[in-house]
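Working notes, beginning with the structure itself.
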Amino acid sequence: MNLGGIFPALTTPFEPDGFVSVAGIKENIRRYNQTGLAGYVVLGSTGEAVMLNREEGESVLAAAKEAAGPEKILIAGTGAESTAETIIRTKRAASLGYQAALVKTPYYYKPAYRAETYIQHYRAVADASPIPIVLYSVPIFTNVTLETPEILTLAEHPNIAGIKDSSGSIQRIGEIVFGAPDRFQVLTGGAAVVYPALVVGARGAILALASALPEKCVELYQLVQRGEQQRARELQLQLVKASKRIVSQNGIAGVKYAMDLRGYKGGVPSLPLLPLKEEQKQVIAAVISQHETAAARV
Amino acid sequence: MNLGGIFPALTTPFEPDGFVSVAGIKENIRRYNQTGLAGYVVLGSTGEAVMLNREEGESVLAAAKEAAGPEKILIAGTGAESTAETIIRTKRAASLGYQAALVKTPYYYKPAYRAETYIQHYRAVADASPIPIVLYSVPIFTNVTLETPEILTLAEHPNIAGIKDSSGSIQRIGEIVFGAPDRFQVLTGGAAVVYPALVVGARGAILALASALPEKCVELYQLVQRGEQQRARELQLQLVKASKRIVSQNGIAGVKYAMDLRGYKGGVPSLPLLPLKEEQKQVIAAVISQHETAAARV
Amino acid sequence: MNLGGIFPALTTPFEPDGFVSVAGIKENIRRYNQTGLAGYVVLGSTGEAVMLNREEGESVLAAAKEAAGPEKILIAGTGAESTAETIIRTKRAASLGYQAALVKTPYYYKPAYRAETYIQHYRAVADASPIPIVLYSVPIFTNVTLETPEILTLAEHPNIAGIKDSSGSIQRIGEIVFGAPDRFQVLTGGAAVVYPALVVGARGAILALASALPEKCVELYQLVQRGEQQRARELQLQLVKASKRIVSQNGIAGVKYAMDLRGYKGGVPSLPLLPLKEEQKQVIAAVISQHETAAARV
Amino acid sequence: MNLGGIFPALTTPFEPDGFVSVAGIKENIRRYNQTGLAGYVVLGSTGEAVMLNREEGESVLAAAKEAAGPEKILIAGTGAESTAETIIRTKRAASLGYQAALVKTPYYYKPAYRAETYIQHYRAVADASPIPIVLYSVPIFTNVTLETPEILTLAEHPNIAGIKDSSGSIQRIGEIVFGAPDRFQVLTGGAAVVYPALVVGARGAILALASALPEKCVELYQLVQRGEQQRARELQLQLVKASKRIVSQNGIAGVKYAMDLRGYKGGVPSLPLLPLKEEQKQVIAAVISQHETAAARV
């Protein structure tokens, strides 16, 4: 399985009554199908997976599967705190036609978790899973970081296909690329470091920003593939700014609002995530308008 | 509702096949009924609530309710990441006969959460809940800390009865006691600071350690009530050591093993929490043996 | 040597040209001599010791010694990054008539420092020093915390008389009081936790706040000594507020401005510490005015 | 002034009696003169500057100046906690013939320092300095990070030539390169990220590792200059490992021991920095031996 390219971390649209909007999911994905995105990550952190119960999650997975273009790789977020629940969700994603499962680290009992805990957890999930596992280290949300030694140990498992590293550390990506078997693929979760990540050997990226600005993210990937370093560097810096203002400062509410502005079904996130205030919306509107002007000029 | 006294944060025993042990829960509680514990906290952090789905959680709540002595106050842990799910769980706990709900802070999207987020979340839950709410700030697991200003704002809500503060900050307890209405009660979650917490005005404590050593924890509370400062100080320091070796160093697995040694139904925690190694068991056995020798001498 | 009571962490006043104001130091101390302060800490963190070279530091020490009342205990801050320099400064303080040296942890190379480093450092200084050493753990400035095990090891040294712990942890104070020989004395550096610290066994406190409000800090100490728990608790909470607004929010500039308002020689701190803005001054003025009104009423 | 290339952060050798070894400094530099190093950083963090008083520091500066090849750029570490002392040291470095001053952030009073503090501090130093200033952000030692906004503000000052950023953040380097005037040059302090740093626009690096392995560090720089990406990536990963084992795990003592093994005057650091234990030495010896074998093979 080739994980090269850009994957958006999809948001989950809701109906006004709070139910998952199956129609919204499909509509978004049908538009994304027209872009150069490599596939979709469904029920990641950006998908508000932790807000959904198992049944809601499955309805999201089913809707996304139905709408996705046949050439798009489908990755389901299936990580739960317990090993058993993670396995149940992973098997269900496989049965729904997903090609890989993105499994975030357990994290609640972090004072009791050791490298050994993560190794045993991921091995148990990978042993039980019908589809390949992608490790997921996202310290900004979990306060847990997978470090190079345990990643390299897990990279030996035949059913662990790679890692999404959202720590922003370029050094760690280099270490993994160097130390792991070639079939183990590194994806960065940091829109602000896609370019240096690719330079040191990452295969691609899973980005919340790509839900709002898929074309720009794909363009950056392609520039690096073609060796256009100067233009890649410039586009990266535009994405640093866009990512800061949309994702870092405003979180899921920001991504969803940017999607609204671009004609996708964004909407507001689930409580306790609060909707944006007017001044937050204006910052995002300025970013989107700048990107669209630039795009029109080309 | 008077929350004065010591509440154990109950563990959840499991059958060998991984299912919740309803019989084990009841057996433990019937023994605890003989002690001076003020009541029980069910499905707290120590209860592995984050490992259980909604149905499993409800079976735990029902079993504990059935076994609890009529004079014991029952508090259910009902906090979930989403406001809606928290309300559902809180209502269910009320319908099962629980007298209060312990609601931990949402935490996954902490970069997007502000004081305002917590205020709106807790108000929504308290407005919807048929039973009083107890705020729960547990930074060791959530990396989120409720600070004095938002606590004092929430303390004004008529259906918010108090807070369990597990940060270990004695200063914050003093600030809350001073700034909040008298009916708002502070419980500490730190076994190592029960004595100074009571001195600055906390009403009691919710302690994992009290699942293994309920008599000692109750004794400390009573010493402070009787003004026996010197003996309180000494017992506190014994509990500091016991808490470090059982709870801080070994987590839920440590608490459960200490319970096994004392004749309760402890067992092993759910994966990915790992069972204790032999040397960890020995440290705990030494602590328990010391306490039992001391108790026998009296 | 008895370290019981309240010590102000003295500020260092400067002349308009940036030189140390020897006259200002003496004037302040002569006023402090009229209060119930147990003694003086000169060249601590609040004294801007890290801004002064060795010669300037010695002029401060000499001036304070000259002005201090004969019954006041004199403690000199002598900690430097290097062991050798710390010894030089400690010997010099002894020769100037100081009775003890407050030695903060080395901290710059913290990634390379271990418990063993601190043990060897403090032993070398204590071995070489003609006067007793007081350990000083101040993580807010150094990002280094002395933990209970190394403190208890060092407490065995006959020339180490105690510790100033500015971490705010009441638990650690209890552990030290319980584990260390009786002659080893714990002083807290946290104005917000003086009362609970004394309750668990601290002998006193070294406080920046006591440079501006010495009477109030001494009063709190005396209330606890007399067992007036309710009044102690109330006064503690007033000091929590005062300490937050003067010290925590405004640092040395805040302490110095509060001193100015109370008729001491405060002035502005050395650059890069910036002078207060008008709105910061108003907050402090309100605190001081409240305290003086309360004092006048009594 | 062109800061492109690799600068070693020089260590300071000591005589057995603890005095600075002027002969050792000169001997080391004469050997470094034979390499492709761009110049020397004297009295940086690796040079134990915080252990030395002003006079000792000046003797180190003078010795290094005397031995340095005329084409080598000389940079003196001159940052002190106080603005005034920083200016004194900077002027002295200029008078000794240094071409630039590396000024680390003040950090002791970090709770009171704001972006504005750093801006005023650096402007005051740059205004007063006869030679250009290089900002120095080294959070591993100072727990202070210069962030992009204040860096870009300071980059406008005509006498501020660049920054050494030791945070390891590639994103920040990209932001600075993009946002600052061309004449403002970024050097990374992270041996583990030299390659990605250069890719996003850094001009060079100041590295402790280059005191022990100058040829390898220079080779990496040259590979990137020549566009040999694959070989650069491989060499970078060797340097990641070497840097971890020598610098990250063992600090200055590790760098000095690696220097000893390579025939430089390393020696032991000042107390409280402890000499290496035997097993630490063996790890370093293995790294050095591997590098020398590889070098001999070429």
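As written, the chains take the letters A, B, C and D, and residue 1 is the first residue of each chain.
Just so it is clear, contacts are C-beta pairs under 8 Å (C-beta built on N, C-alpha and C of every residue); 3 or more make two chains touch, one makes a residue touch a chain.
Model, not experiment: these values are computed from the prediction.
Chains shared as neighbours by subunit A and subunit D?
none
At the place where copies subunit A and subunit B touch, is the share of residue numbers found on both sides over half (same) or under half (different)?
same
Could you grab the centroid distance between subunit A and subunit C? Build each centroid from C-alpha atoms only and quote it in angstrom.
The mean C-alpha positions of subunit A and subunit C differ by 50 Å.
Return the distance between the CA-based centres of subunit B and subunit C, expressed in whole Å.
For subunit B versus subunit C, the centre distance works out to 37 Å.
Which positions in subunit B are in touch with at least two other chains?
Nothing qualifies.
Where on subunit C is subunit D touching in the complex?
18, 45, 50-54, 81-85, 106, 108-114, 116-118, 120-121, 124, 140-143, 248, 250-253, 270-274
In the complex formed with subunit D, which residues of subunit A make contact?
Checking each residue of subunit A against subunit D gives 168-171, 174-175, 178, 190, 192-193, 195-196, 199-201, 229, 233-234, 236-237, 240.
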